[in-house]
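We just call them A, B, C, D and E in the order they show up, numbering each chain from 1.
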């Protein structure tokens, strides 16, 4: 539906919103650096990709279809077709995350990016390009690095959210046997698995980009791809921390269910143990035998009732002493992973100012 | 039982229902493109494969036997013998899926396909060929791609069905401890495992077809096999989502059984805690002691009965307040994987119109 | 204890029960095809292997020892020493399976097979050889294929038996909490694991035999070894189906134990909920207060007893309506893996009539 | 915030606290051995790394950021950038461990170490260097070995602590169903996983350092890196022992919860089984039938009460005999992993006195 | 503390207890075969290793330290340093096993073995060498094979013991919910894991020794190392059988705990279901209504009591019929893995008489 194009020509000036003809010219000049960003790709945009850039039909289909494709690099010799995934912010903390897809064509002097939903990370880069030519000056391979880096960085707020949910469910699991808690945990686990499945294949992809397999990625840029790789390792690390919290929460929840059952049973056991014997005693003195000497004694009624009262009080004291009523102590401090681990993410700065070959 | 043959000769005309002699001639001409489809293969068809095509005895046996064979590619130099598996629609949503087998011989200018049960995807291709010569114009390797692609595409409706069952059992598991639910879940897990075991080895198979291992698969066709590969990755992805739903449903079911037990116990505990003490009280005033001053008091009976009534009412209110009767709240919205994930499949179009080497 | 030998000489005649001298001569002629089968190997047979065939001391020890050895191929250049495992029919369906070992020496024009227990598959081959020279005409490498193929085929009846046991325990687990059921399941799992551990290493072994690693296995025979490989894949597939059934049965059993507990508790809860309140009522009218107006009323006894009766009947109806007594419905149809999957095995025919290089 | 520098010049003298100019000179002389240690790295230190050593921008960023980076070796040809992780002592035994990061630059005649928190192992090495020139005499690659070795050695006290916690929770799990125990176990498991995730990637890293991949690591030093590798294998071994203890403790805890529930139920069952029948008996003799012969018998009251008393006593004796009250015997000796396994660590001595190429 | 040395000189005579000078001479002669065995290695022995044999400092440290080292082969070109592990007999069946370490130096014409605890397998070999020169005549590489083979063989009695414990706990788990049973199982699992972790890395080690990686191991000896490899496969096989028994025992134990709970509940349910209704009946006839016709009937007391008695008897019969009291039948035959599997180990004979290159 919308095509944005930026061309840094040889003179260092930036042209925007190029026509198809201008794009073709820029492309064939082999000079400068052209970035075309397409969002909500339809047939018209597909035709542009086919006519101007002459990309392979299958790659174009991957852009036009709304279907999701696995992360991959297809090498068409004169250009690379790269599919990477980011994570969409979940609208609410209780919902599981969804993946967002970004397709990129990396050529000698151009980058075409394509996405069917608006991407915050791409918008940010557009603003950078509009304010300064610098991001385009570093070459096409470095520009692709910037696109991927921004996409991966945007995963962090989602992880932050998931860490909060993880702490939440760990605490809930301790105090409730409400099935909704179990469901929150399972939803969190689903998010963890999606992050895992989205990020792990990209590690391999960035490994390939950083080890010199593709001629279009220059030696001096590879170390930057390696940096994203390290970042992905960190994300997976954090993600596994969250998974562990979720697994722990399931165990805690199930054991809380069992404990709660025990509490219920204790109530019954205490009541039964106290009142069944006393009821028998009352029953005994309710029997109608003719010769029951106690019945005539003056104080026996008071003695019996007093005995009963003291048994009740004594038993309650005894059970309390044995800790049957003691509410389960809440642990003083629940060590969530977030306090410390979130630090891991602090201090990471946007990479736009980095110089290739520094 | 039935042999269908189509021959696109050099003139561009299509001949159908060729005799064995015509097939032999077409084969030896080395020109045009011959497709022979055999279903419900018996001894007669086996003889055809041996006499006309001179395939290896073992490959022919694999076609004639109704036994299932693992997905594989056997390279007999002048032709490839390829076995792939699809998924049969289960007759009912509650049954587990079954695999369907398709054997193919890929030669320089011919394709022989063989299957012991009618395959919807093959029928579709027959209709295409009968209406237009185009599918046959793209060469034998591309035709095999079309056969496999149609087979794999037909897996999607089954996955859709499984997603529905997954949502169903997740919801059921929450509200019932009926063992039939557990069985539905286990049947779903069995389906998931079969899809997994059917699809994963084919990924390797398509990887081999797409990376230039076989001379009979031309460079320009390989990228199409790669496309099926990506498709299989997606199917497995979806399949793992279903598996996770099934695993979650088991946990939910087991915890629902435990919760239900707790409910039962609560009923008993409440009844016991209220009535056992009161029964003792009634028992006490049923004792036959001679000197029990309360017995003569005018209003003591009403006082006692009133006290009992207020204890019963008060206790019920107390237990309600402590949430013992609160029905477990159904979570507002159960996030199934289907709503969003089914989108993944949307927009995938039949591949018959694709051009090799586009 | 017993040595059987068959020699197909150059004239095409078959000699049996050769002396050691005749064996040596046949061996050194480099012509024809000699098969020596040894069972219940002792020191004498060991000496034969050492003197006539001059096999390596370690290989001979592997034959003489009753100890079990892992499946392997040892390449002694002029001959291969191959150890493969089959499965012994378990005497009873409830016992776990045991493995049977077959050692083979494959030379240029001879095969020596060795086993410490009678093997049904070897006996079958002896009968074939005694009735016709054909099995020996296809060369030593093809003869080893026939030995392994017959051994692997004999695994199928055992798998059939295990499928029956799997269906049995799945059904039992649903209806009983008898620990014997749990034990049957665990015994089945042990069998599954043994089949797994016996068959999976042989897959690798047959892979090596079929990919041209050994000069003694001719090109034209390799595809037959590949066929056994496919067969082993199928067996493992079936075996994993059985394992899944067993795993499901454990879950079902454990949840049946929990459900049964719930049933017990319900009985108690129903009885308590009905009779404890009524007992209090009876107790109230058994109190000895002087002023209890109802006591003098003419019909109060009948009213009270009638009320009690109607409470009992009403409560029972209510509990029934809430499904507390509803016997857990047996699922209409338990989908066992056998009905369909056993078909997989149908139609497999003995391989003795196959022609190498067909 | 603080930079410590030591330079062993050609004359064998040690200079400390070098200026930037002196460092540059030492560096370019290609002689002697320079060690610069930076802690709490800020912008000023980053500038030093860029200006004097001219390290790559990305490597410097890794030093300046407080973010955690995965263990890695980046080969910048004229120097290696190595990131390794140690374990920080947890402040309290009940908290989970945290990782500490150490970055090192290994050049031909210099080592730069960088860490954002004070590291005990680096301080120790500073004291060694201040007291003797020997550690600096063995070359840069050996010095890096000393830094890593000291870091890894400092993991052992933490493991010791974890072993103590493991023994503790195993014992607690046996005797309590307090949820705090479950939380301690889960915290321990988290520590185990962190040690695992910190140490296992470093094994690969040290493997690379020890097998001759980097020219900057001399042949004679490699075997020392191999020694750290062996050490890491041992740490992981011990760590897995702790994990097993934790896993066992979870099982023990959950089964203790179930057992405790059973205890509660037994109390109720015993009370019910004894008093319900006797209460019926008392109720029977409390009935008001006119003709109940026992009522007039002289001793029947005493007989009934005596019978009741003997039933109560008899039942209690019977239940005791059947072991219902028997407290669960504490196992005589709980075999923790520590007693023996801690020996594994004994006898390891600081490596400072080792001679390269001994 | 003690050094034993044996030297087979060129004349075929055996010298024992050589001085350091004699050892040096033997070493440098390059002839004959020298075996030095050191136990309880201290500084003095370390010096011997350094001075006479000039081994690398790190290898000597590995010998002197009492710390455990992972199994490994360090190739120092003129000699190999090999660390292997055996299993120490546990003092009692209920304790978990411990590993024993043996270090060996394999040179061209000498073997140095080192161990910090007395090893039964080494003692055995000493006795063989003292009685005959044959073990030393086959070369250093064959001698190392004999040392490892004896060490591995000594694992079998420990496995036998573990099989006995496995059978024991499987049976116990069936009949008791005593936590001590759970602990025995967990101790067994720990032993299984230690055997696993000790033996599996050695498989790789022996694989390397048997495939021609080291020049010091001659072609003809490699097949013997391969034989130990097969042996280790078998041990792991057996070990996994034991692990499965232990896993089964945990499941059995946990389900026994649940079943036991059910038994307790049944007692209560039966008592409640019988006596609560009857107590109500007695209560009804204990009510004090003036007009209760049954009270005056002559036989009503006997009818009521008779009715109660028949209800009690009838209910007990009914419950018995429904199997509530049926003691859980002990399975007729518990198939332990030992009966058959122990056969696997039978018939293995000491390898001292084997001839290399037979």
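The criterion applied here is as follows: a contact is a pair of C-beta atoms (placed from the backbone, for glycine too) under 8 Å apart; a residue touches a chain by one contact, two chains touch by 3 or more.
The structure presented is a predicted model; accordingly, all values stated were derived computationally and were not measured.
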item: Neighbouring chains common to chain B and chain D, by label; value: A
item: Cα superposition of chain A on its sequence copy chain B - rotation in ° rounded to nearest 5; value: 70
item: Separation of chain C from chain E, taking each centre as the mean of its C-alpha atoms, in whole Å; value: 26
item: Chain C-chain D separation of Cα centroids, rounded to whole Å; value: 43
item: Junction residues of chain B - those touching two or more other chains; value: 258, 261, 265, 268, 272, 276, 279, 283, 286-288, 292
item: Topology of the chain contact graph, where touching chains are joined (line, ring, star, complete, other); value: ring
item: Successive chains around the closed ring, taking chain D as origin and chain E next; value: D, E, C, B, A
item: Interfacial residue positions of chain A with respect to chain D in the complex; value: 174, 223-224, 226-227, 230, 233-234, 237, 240-241, 244, 248, 251-252, 255-256, 258-259, 261-262, 265-266, 268-269, 272-273, 276-277, 279-280, 283-284, 286-292, 328-329, 331, 334-335, 337, 340, 343-349, 354-355, 358
item: Of chain E, residues touching chain D in the complex; value: 56-58, 65-70, 72, 74, 95-96, 98, 177-180, 182-183, 186-187, 189-190, 193, 197, 250, 253-254, 257-258, 260-261, 264-265, 267-268, 271-272, 275-276, 278-279, 282-283, 285-288, 292, 294-296, 298-301, 304-305, 308
